[in-house]
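In the two complexes that follow, chain A is the common piece, with chain B as its partner first and chain C second.
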Partner chain A sequence: MPPASQRVDLAAVRALAPPLLAVLLAFGVTGILIVAAGKNPLLAYWSLAHGAFGSWDRIAVGLNRATPYALTGVGIALCFRARVINIGGEGQLALGGLAATWVALHMVPAPRPIATLCALGGGVLAGAAWAGLAAGIRLKRGVHEVLATLLLNFVGLLIVSEVLQGDLGEPGSGFPQSPLLPAASWLGRLVRGTDLHVGVLIALAAVAVGHVALWRTPFGFRLRILGASAPAAAYAGISPARALMSVMLLSGGLAGLAGAIEVLGVHYRLIDGFAHGFGFNAVAIALLGGLNPLAVLPAGLFFGFLETGAVAMQRAVGVPTPLVAVIQGLTMVFVLSAMGLTAGRRRV
Partner chain B sequence: MLRMLGITKSYGSVRANRGIDLVVPPRTILGLLGENGSGKTTLMNVLFGLVRPDAGTITFKERPLADHTPREALAAGIGMIHQHFMLVPAMTVTENVMLGWDAAGRWLRPAAVAEHIRTASHRYGLDLEPDARVGALPLGGQQRVEIVKAILRGAELLILDEPTSNLSPPEVSGLLDVLRRLRDEGRSVIFISHKLGEVLAVCDEVVVLRDGAVAGRARAADTDRAKLARMMVDRDVSAPIAREEGAAGAERLVVADLVASDATGVERLGGVSFSVRSGEVLAVAGVDGNGQAELVDVIAGLRRPTRGHVFVDGADVTARGVTGRRQAGLAHIPADRHTTGLVGDMTVSENLAFRDCDGPPFRRGPWLDFGAMRVAATERIARFGIRAGGPDVAARTLSGGNQQKLVLARELTRRPGVLVAAQPTRGLDPGATRFVIDEVLAVRASGGAVLYVSTELEEALVVADRIAVMYRGRFAGVMRRDAVDITRLGLMMAGALSESPDAAALYGRKAR
Partner chain C sequence: MTEFLAATIRIATPLVFTALGGILSERAGVFAVGLEGMMLAGAFAGVITAFLSGSMLAGVAASVLGGAAMAALAAVATTRFRAEQMVTGLAVNILAVGLTSFLLRGLLGHGEAPTIRVSPLAAMPVPGLASLPVLGPVLFSQPVLTYVALAAAVAIYVFLVRTRPGLTLRAVGENPAAAFAGGADPLRVRMLAVTCGGALAGVGGAVLSLQQVGTFTDAMTNGRGYLALAAIIVGRWMPFGTLLACLLFGAADALQLRVQGLRLPVSSYVIQMTPYVVSLAMLAGFGRTAQLPAAIGTAFARDRPSS
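Up next is the complex of A and B:
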């Protein structure tokens, strides 16, 4: 028998091979589409790579972009592990941003870390509350959480629009956005001269905490049993209601945190539609990462860099940005198909 | 009639069939015996065209049968009746017989088919009414619908896979009569079973498989249970079961007037009271579906009763959940080890721990101690003789018997005061069954109280100090071990007899 470390390495390689192959396939198929559009795919991909990694600044933008993906993706991965289908990341993230904005604008002046922490905390609470509302509707009224979270997305996004038209809007800006937040509430920069903000570290920490919670604590064990077999969970004395509520609160809190970081670290104000696409892409990222918190990180980075590179690709070669959505979609299809092939070997 | 020679089939490195010869003469009932994994299923799948053998030939009615599909097997005259019936409950007997039957013609002629059913029913003693709705028939009746389907489709060789597992004793003897009449009318039957008594009662010849090869064959008249059992397992499982007779002690499990309904609101448990004492096994017999599952679920804390109480060692646990009852000393072996008792995709060590994660040794502060789980698993694998590739393999890779050993290892290591075991030997071969019974009796010997639910009367009689029969959510009767009357038990299981048991039988007090 080979030594333990070598066996682990082999297992890791086997786990990583399908998603990497899927990504390559997706790029290949999209390349054909680029050729069909009359452009040079190699040039297009070179400019994509250049746009994503061409300078420290570009890398910082990509990392910033991946941050809300990783945060929200970890929460959704934990939900899906327990077969709790939370697709309300969009709304939870939007309300997290809204709450952070409100706290930053209304709190008494405070020095930097305190103001930032209060605003972030507001985002966490709002996201958790929004997810908890969906969980409550599920538990008290029997409305399936898919429906409850999906519908609350619309409500959440419209609340943000509504508030920006009214109390929280910047007078005279002509665009639905809040005034610039006080600088004390901004997230600190990590590297001078780039946009890289501290939120990236928070996302890393969340990934680590998600991993430890899922694989090392009774809480994660309960989620995994519940997801593998509801009757076995009942037999183990697990309360499905309590598990549903707690994992939804956790996931909503992470999405709310992502929204707050997006506001406090990137825009410095609340902009209508800032949450657009994050919630649903996070579902894709959680699945892409095989519902493993650690694997959600590379999946989130992939989406983040792909999207920042896409803008450069469009500018340089004239390939329309929607083709990036095609790459994302194809990667998903290929990865999930590959997982279907190896489903029997996955660890629950 | 049927001649299978040198049938060989491997799945990877597992050799499921190793050169099996099986010959079924005309007008014969052949018993096919063997433990789980001995190759019975593979052999029958080869015969029915579901699996292609690596080597070997099949001749049926002097004609070779090779590379055939199940459809061709049917057309040639081989009929298979599975353990789980392939019937549409909402349709009548006639409609079920016509379903998927080409010979019924392009236009449906229910009257003509009904006439065929009546004729066959009369000839073989099937007692079937063509216009009856299948869902309203008892399981024995549904099985006879399957038989009439096969006969009308021209089956001259019928294969019955574990046909008696869901039947009450009177239904079993009815089925055996039907099989004898089929034989007398010139057909042959392959009777696959674990139950030696039934095989000896009805079969002309017996073939025993072990590890994918024929371990022995005999004429039923020339053999007996002990010989067959030895051929099956190659170790003595017929040795008398060690059972010390001791006086029962204090009441450990008390159930008072339990009433419960199923998910649709239908009452499945209609007021059951009894107690089980220290050092005692109360077996609950009865045909499946008479409220045994609900009784077990209510006692285990998986279902809320609408009325009544459950006491463990004097403490009222009715309001407690699963965890609270486990802490009170209640262990539970659930009937369905695949979805409830185990999580197939999790490892052996996780499965051995998943009911005990609320405290040491598996939980330390906020962490699960996977190292401790693995150590405990290795120890239990050795102590219970679980054949597994180690603590880190998925539980689903284990055989049925070893999976049940996992459940036992988890529940019994806790040294429970009360054990509720629901059909703990279902689907297990004699070797594993014996293991389970020995472990259950060990709990009894160490002063535990055991509630043992089984649909196998024979097995219930082996373990029980007292035996109760459940019928339609109530106890139709309770008998002490020394006063068992098999005929009366059979009548109770069929619902033909109900007697209100006296307190001594219900609560296990010594009769004076």
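Up next is the complex of A and C:
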């Protein structure tokens, strides 16, 4: 029997290998597409990396971009642990941003931390409510949560468009967006001179809390048992309905928080379509992180930097940005396949 | 009124193809969340091929291949590699949006989105029948793919209920271990079912790009694949029930166009919500009694028949 330290290393390798291989494979396949488009893939990837990490400013933008991904991804990872397939992140995030905007514009003037906290709180509540609605439809009417969350995404995004056309819209701006929010509600900058905002720390905290909640609390234990074996959970007296509702509320709240941070820390206003892609990509991130809150962090960073780098790649070598979605989609398929092959061998 | 009914059928046509494809997949035990991506791939392949070759027939054939190719990827992942079916479907959808938008710019447009234009398939009145009152303009003055959609519903029904391969497909969806014991190869059946389903969804996409708008825009399916998915559940996994559900969604959409013309004091966004709210309401109404194929969502492994 090998010494203990070596065994731990082997376990770590086994956990890390599938996502890393999936990412490499996705880059490889995508490279073929770049060649087909008549460009040099190595040059394209280099300019992508340069665009992502080329300066402190770029790194700050990438970190900001990864923040909503990490927050939403942690919630989705907890859901998936309990086999609750919440793919409603998009709508929950959008409504979180909407609620934060509404609170920031309508609350009585308050000093900075209080105004910001109230707006963030509004985002959490709205996201949780939207997820709770889907969970309620699931529990009361038996509509699978995949369809309930999915259809509510469309409704949620349309609510944002509707509100921006009406009450919350900026008159005469010509764009579907809200007026600039009062500065007291903005998230502070973390590093002067860059765009890096305090939301990054909130995401880090959420990752840590998610990790502890999943592995060190009775709540997390219930989620894991439910995911591993429904009969075992029933035998242990765990109520699937209560677990489903609570994990959905938690995950919706995190998505709503992500939306609020996006509004209060990046745009300083609500812009139509600001949530686009966040919710679905967060599912990919949760999977890429092996449904482990701690590993969701690097996965979120990967997606964040991928997206900020892609803009530079398009400018520098003319490779269109939708390539990023190809990399994301392929990574997801490969990770899912690897997870499927090794299913049943994972730690509960 | 006849105009409204004709619009209902027109709008329902892409949903019908796509939902029929989804039935094949789900009846074989594989969730069809990837319909949206297969549809988009079909819409893209169809209109690009028609644009480049000048032949609508080649376009439709390419849409079959495009949808099938996207589906084949999902099929291999969910059967051979036992990947989680719903999230794989989601991945296919993300991939399809990226791939079509990238190919449009990278291969055809030298970095920018090029202008793609084909003249959409025109209405093809059926001689004689088209002059019937009401029924004529509603049913028999439609473009060609709409007739094919109705025929496909009949064909899928006959296939599923009256043929041996159809029975095998359903058996695999209900109890793959038993089907395996009976001599079928569940993995092969599922791969075929998902791929053929993707081909149908591809034609659904072609209806959008070749019959309705004559061009391709990024993510142009815009959630229709998900509506088709809801239609399957409302239609209880049977072709004619699903056809009816698609017509109902089509009617909700057609009504939306109507209401928009009336300048009511409701904004267009609220009206755009109707198809989604209607399908949620219908699922909530039917959901509890819905009988899913028993083995849907579960992976089948020869050495581990219990999983």
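Everything that follows uses one rule, which is that the second predicted complex is superposed on the first by the 341 of 348 C-alpha atoms of A that agree within 3 Å, B and C clash if a C-alpha of one lies under 4 Å from a C-alpha of the other, contacts with A are read in each partner's own complex, and residues count from 1 in each chain.
Definition applied: contacts are C-beta pairs under 8 Å (C-beta built on N, C-alpha and C of every residue); 3 or more make two chains touch, one makes a residue touch a chain.
This one's a predicted model, so the numbers in the text were calculated from it and none came from an experiment.
Student: Looking at the superposed three-chain arrangement on chain A, would you call chain B and chain C a clash or a fit?
Tutor: Partners fit side by side after overlay.
Student: Counting only touches as set out at the top, which of chain B and chain C does A:294 meet: first, second, both, neither?
Tutor: Neither: A:294 stays clear of chain B and chain C.
Student: Between the C-alpha centres of chain B and chain C, what angle is subtended at chain A's, in steps of 10°?
Tutor: 70
Student: Taking the superposition as given, does A:85 touch the first partner, chain B, the second, chain C, both, or neither?
Tutor: Only chain C is touched by A:85; chain B is not.
Student: Taking the superposition on A as described, I'd like to know which of chain B and chain C A:110 touches: first, second, both or neither.
Tutor: The answer is neither, since A:110 touches no partner chain.
Student: Which chain makes contact with more of the residues of chain A, chain B or else chain C?
Tutor: C
Student: Once the two structures sit on chain A together, report how near the CA atoms of chain B get to those of chain C, whole Å.
Tutor: When the complexes share the chain A frame, the smallest chain B-chain C C-alpha distance is 7 Å.
Student: Do any residues of chain A touch both chain B and chain C, and if so, which are they?
Tutor: none
Student: Contact residues on chain B for chain A in the complex?
Tutor: Its residues touching chain A are 300-302, 321-323, 326, 332, 334, 336, 339-346, 350, 354-355, 357-358, 363, 366-368, 370.
Student: Which stretch or stretches of chain A touch chain C in the complex?
Tutor: Answer in residue numbers: 33-34, 36-39, 85, 87, 137, 141-144, 146-148, 150-152, 154-155, 158-159, 161-162, 165-166, 280-281, 283-284, 287, 314, 318-320, 322-330, 332-333, 336-341, 343-344.
Student: What residues on chain C touch chain A, complex-wise?
Tutor: Residues of chain C touching chain A: 31, 33, 73-74, 77-78, 81-84, 86-88, 90-103, 105-107, 110-111, 218, 223, 226, 229-230, 233, 267, 269-270, 272-273, 276-277, 279-280, 283-285, 287-288, 290, 299, 307.
Student: Mind pulling up the chain A residues that touch chain B in the complex?
Tutor: 216-218, 221-222, 224-225, 228-229, 231-232, 234-237, 239, 346-348
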